Each structure stands twice: as structure tokens, then as C-alpha cells.
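So, here's a batch of structures to check.
Okay, so chain A shows up in both of these, paired with chain B first and chain C after.
== the complex of A and B ==
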């Protein structure tokens, strides 16, 4: 499973929406994620990939695609380390 | 008051009240373990500011709502320092929702971080304080005793924290550990701006007989006092720091924080 697919599954599980409706353009508002959902999704993704996503970075995410791109970069960086 | 040579853990000390407490304790000579969960840059800044005061600072990332992470904090402190003198149970979270919208997830998240964390941290801290005593101070809020709008789950978690403070004060007294809490009204912090609309800030100013909102340093001063030997006979109490809000009529009208 790709990073994007794993992140999508996590977000879908936490927000209880069908993962089929989550595209890279979906905003957190569109998938009805409230502040608690977002924090829990961040924590679950951090634990899954062994990375850290500070709120300072998370606040910059405009949509699901931004979230996935950040995670992909962190995972790639971790792989090189 | 001097805390020279003491080691303090302040949970949630990257920002706001926790940061002010960490700096206050450091200014009185304590080495400080800065715990954070979501704001790394802020925590690292707090640690840098502590180092400037000439004491040691250690940064540990952990969600205190997760028992395994709480263990990690204390395992690290045990391995690195072998002791702990002061635990400030400050980290808090929660969702501002009407009762109809509080689901099990929101309830558990809030209770785990705001109330259960005190139990788990106090259990581990007591072992590191054994033999020479210590101080445990938790942050509560006026929402533990007054019904504030959209504050139910946080208010209930703080009521649990205050009750637990009383029980801990009795059970840990034989170990010479003083346990207390501080309940503040709305304190001017980033978290306040995040959880509530700007209106609350204005309401709080108007509802405070002291004429201004409580700032983090007001709370930090009281916490530092509770960590001093001068406060030795204060046990199991929740000290209110609210500029008089809760004894004024405005609090009864549901304002304050």
C-alpha cells in the first residue's frame, strides 16, 4: 500500500467517511473532520510512519493532498537518514 | 523562594501557562523537563529560554493521554536524572462542544489527557520522589465548578482532576509529597484563542473584578509558591486564580472561563 493509501485509510477511519470520497483536493472541512479528528489523524499517521508532524506544519495543510505530500516527504527523508 | 537543585517536569510547557510555569521554576533555580506533544518549535524555544536562566532543560515529546508515552517520559527522567522533585501536571486538551455533540471519542480524549494523566504521572512521579518528598501541582479551571458554555467535557475532566488531587494529597502525604491544584479563569493564551471566539476574551475582561484577564505569569507565581516549602501545609487544595471572577455576580451569569 502506498503512503497516500495508508493516510487515506487512517483519515477515513477517524472521520468515519468512505475513503472513496477523499481525494487529494478534499479539504478537511469537506470530509467533515473537526479539530479533534485532525489531531487524532496526525497522531495515527505519526505512529504508523514513525515521523513527527508539528502543528506548525499541519496548520499549513490546505487539503488532503498537502497532508499526504508532507508525509511522503518525511517518509522519504527518514528512508535516507 | 529558591528551588535550587530541584528537578521539575512541566507537562505541556511549550506554550501558554505551562511555558510560564517552566520559566518561573527555572528562574528560581530548578532544572526543567519540558514536555510537549504538538508544538515542537515552541517547546524548543521554552528550553532555550530556560537554559539562558542558567539551569538545565530537557525536552521530551509525549502525549500524556497515552499511558505508554507517560511511561516513556518517566523512564527517560529516571535514566537521565534518577529523581524528580516537582511534577506540574499542566498539559490539557479538549473540545468546545455543546453536550449533544460530545461523542465517546471526544469524552475519552479529554478525560485521558486532562484527568487520567494526573493519575498515571503521579504514580510514576511518586516513585521518583520517594525518600525525599516532592510537590505535585495540577492545572484546573473554573469550569470544574461553574457551568460554562460548550465547556462540559473539559469542565468535568477538571472536576475529576481536583477530586484526584485531594485523594493523592492524602495517599502521598506519608511520602512527604504535597499535592495541590490551581484553577484559573480564562487565561490569555494561544489555546484560548483556538478554542473560543474572541468574544470570550472581552467577556472575561469585563467579568474580572481585578480589571484584566489572568495572564500565564499570574498562574505561574501561585504554582511556584505551591512548590515552595512555605506552602508545606497546603494539601489537596485547589487555589483559584481568577482576579475575583468567581466571587462576583458576573460569574453567576455564565461569564468567565
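== the complex of A and C ==
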């Protein structure tokens, strides 16, 4: 499973939406994720991939694609380290 | 010092209390815990700054002992902080530590008089929700005018997704069965009309989910039917529920003032009315049980979590601890799990 698929699964599980409706362009508002959903998703992703997502970075995510790209980069960097 | 799971073997119910949360914390929380721990069947774990708590115990002539235990937690959540901070910024605050004690089995229940949002988020994050439940809800009996009716949600979820209404209906049903002894509670959705298409988009969707849920759903009811007894469980979002709750609580006082004003010219009648209201109608409060017990239970969490009023003093804290203990004994979580399992097996909604 790719990083994107795993992140999508996590977000869908937490927000209780069908993962099929989550595209890279989907905003958190569109998938009806509130602040608690977002924080829970961040924590779950951090635990799954063993990475850290600082709040200042998380605040820059405009949509699901931004979130996934950040996680992909961190996972790749971790792999190289 | 954290007690291990073996303490349960002495038959006592263990309540983890957020000792740093509440308008009068930790002083009144400690006093309340001492009052509650006079009973044999209870142990209280005061979670917070142990140096302060030790001092408060000493001031009240007590020590960390067989029924009162202290558990260290370095931080607390203020009312003006975002409750979500409990996860990312303050995961070791008192309410979060208390929640993790419930999850690990070191405590049977959690009580907090601090930020309700922080308590709810700690419950969600560290204890977890029951299968099929997204967020906790608050259920309350309407008491006086409608003794066989409960409402849910009374304020935990301002914006609701349609599937949440189904979980609310199940929580309300369990409450009505366990505490009002109603065998097959009638469930209704609060809306702006009886017809299926009335209400907000979320309410429309919730209607069709409830209709196909296999629950004893009788359709929509309007505000005028809340007190009619037509439904035993009235389901609404927390925004509507909280508005109705506070309006309902205010009715008695306003009715008394209005009546007394009208009878100003008739002092004997006015005195009679005053007596009548004092003796007969002070119970015009929703959630009388919750008031009496010092707070409300968060339904849908995989553990007993009780939220006490922020302004609770020692007697209310003691009542809330006692009530948390009774909820553990009554098996409210197990009842909820069993109802949810029945519902989930039905594969409906």
C-alpha cells in the first residue's frame, strides 16, 4: 500500500467518510473534518510512519494532497537517513 | 504511585479524578474525594501535581492512603486553552493521564470538573470510542414534565454528521432502558415538522438512517411534542439539545415571576403561588438526575467518563464520584456495547 493510500485510510477511518471521496484536491472542510479529526489524523499518521509533523507545517496544509506530499517527503527522508 | 490492576480484586471501584480541573480545583476536588472515599467500596485516584495534592490532603487531615491515591501529572488544561491541545501540546495533563488510567485498566472510571472539551477529547483519544460511535454524547432525562423522556445530545456535539444521530438514538435507548425501565423506548428525531422532508440536510439523512435502523423509530416530532411523552428518546444535535436544555431549565423561574407579577394585587394568592412554586415546581429542570449526581456521563466512550460542572464544590464532586461508581456497577458501557453490537449485526443504516 502506498503512503497516499495509507494516509487516505487513516483520514477516512477517523472522519468516518468513504475513502473514495477523498482526492488530493479535497479540503478538510469538504470531507467535513473538524479540528479534532485533523489532530487525530496527524497523531495517527505520525505513529504509523514514525515521523513528526510540527503544528506550523500542519497549518500549511490546504488540502489532502498537501498532507500526503508532506508525509511522502518525510518518509523518503527517513528512508535515506 | 499508580496502583496496579490487582486493586480491583478488593471489590472496590476505582475512580481516577482530574484533581486539577474545575473552578475550585484542587481544594474542592480533594475535599470531595475525601467525602466520597468514606465509603468502603471506592478508591479515588487524584491525578495532578502531587506536591500540591499532598499539601491539600494534609490540610484536610488526610494522607495518601488505602482509599485515596495520588498520581502525578505535570500539567493541566485551562478553560481558555483549546481542548485539542490535550493531544498535541499537553498529553501529560491531569485529565489525559486519568483517561489513560481507564484505558490501561488501572481505574474503572474518570471524573473531571475541568474543561468538558478536554475531558471529551481525552476520552476519545486515550480511552477510545465504542464500535460504531464517532463522538461521545450527553443524555439527560427531562424529569418533571416528561418523566419517561430523555434527550440526546445535550451539548457535546454542536455540528453533527447524520450517522451520529443513530448512535445518539442507541445511547438514549440504553439510558431509557437502564434508568427509566422502559422496555422498548420510542425514538423520535426533533425537527421542524412531522414530515420526513422537514429539517436540515443532516436531519433528512438521519431520518432515513433511523427509519432503516431496526430501532423503534417513530419519526419526527416538533418542539411542541417534546414534553408530550410521545417519544421516550428525542434525538437532536448538541446545539439544539443545549438550547432546549437551557430554555427548559429557565421555565420554572420565569413562570413563577410572571405569575407573581400577575397576582401583585392579591397578596394572599401571591403568597400561595410562591409556596406552590417552591414546593411543587422547583423540579422544572431537565437532567435533574444529572444535576443531583453532579454531572453527566459521556455516552459512547469505551469506559465510564463523567463530566462534573466546573463550579462543583466538594459535595457535588463527591456525588459525581459516587455516580461514576454506580455507572460502573450498572454496567452502562457493557449495555451500550451490547446494543451497538445488536445494531451493527443488523447491518442497517
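Following the convention adopted for this analysis, the second predicted complex is superposed on the first by the 81 of 81 C-alpha atoms of A that agree within 3 Å, B and C clash if a C-alpha of one lies under 4 Å from a C-alpha of the other, contacts with A are read in each partner's own complex, and residues count from 1 in each chain.
FYI, contacts are C-beta pairs under 8 Å (C-beta built on N, C-alpha and C of every residue); 3 or more make two chains touch, one makes a residue touch a chain.
Only a predicted model underlies this, so the values are computations on that prediction, with no experimental measurement involved.
> Just to be sure I read the superposition right, which of the two partners does A:34 touch: chain B = first, chain C = second, or both, or neither?
It touches chain B and chain C both.
> In the superposed arrangement, does A:52 touch chain B (first), chain C (second), both or neither?
Only chain B; A:52 stays clear of chain C.
> Just chain B (first), just chain C (second), both, or neither: which does A:43 touch?
both
> Kindly list the residues of chain A that each of chain B and chain C touches, one partner per complex.
On chain A, the residues that contact chain B in one structure and chain C in the other are 34-36, 39-40, 42-43, 55.
> Which positions of chain A touch chain B when the two form their complex?
34-36, 39-40, 42-43, 52, 54-56
> Mind listing the chain A positions that touch chain C in their complex?
Touch list, chain A to chain C: 16, 32, 34-36, 39-40, 42-43, 55.
> Give the list of chain C residues in touch with chain A in this complex.
82, 84, 87-88, 121, 124-125, 134, 159, 161, 163
> Note which residues of chain B are touching chain A in the complex, please.
That would be residues 38-41, 61, 63, 93, 95, 105-106, 109, 194 of chain B.
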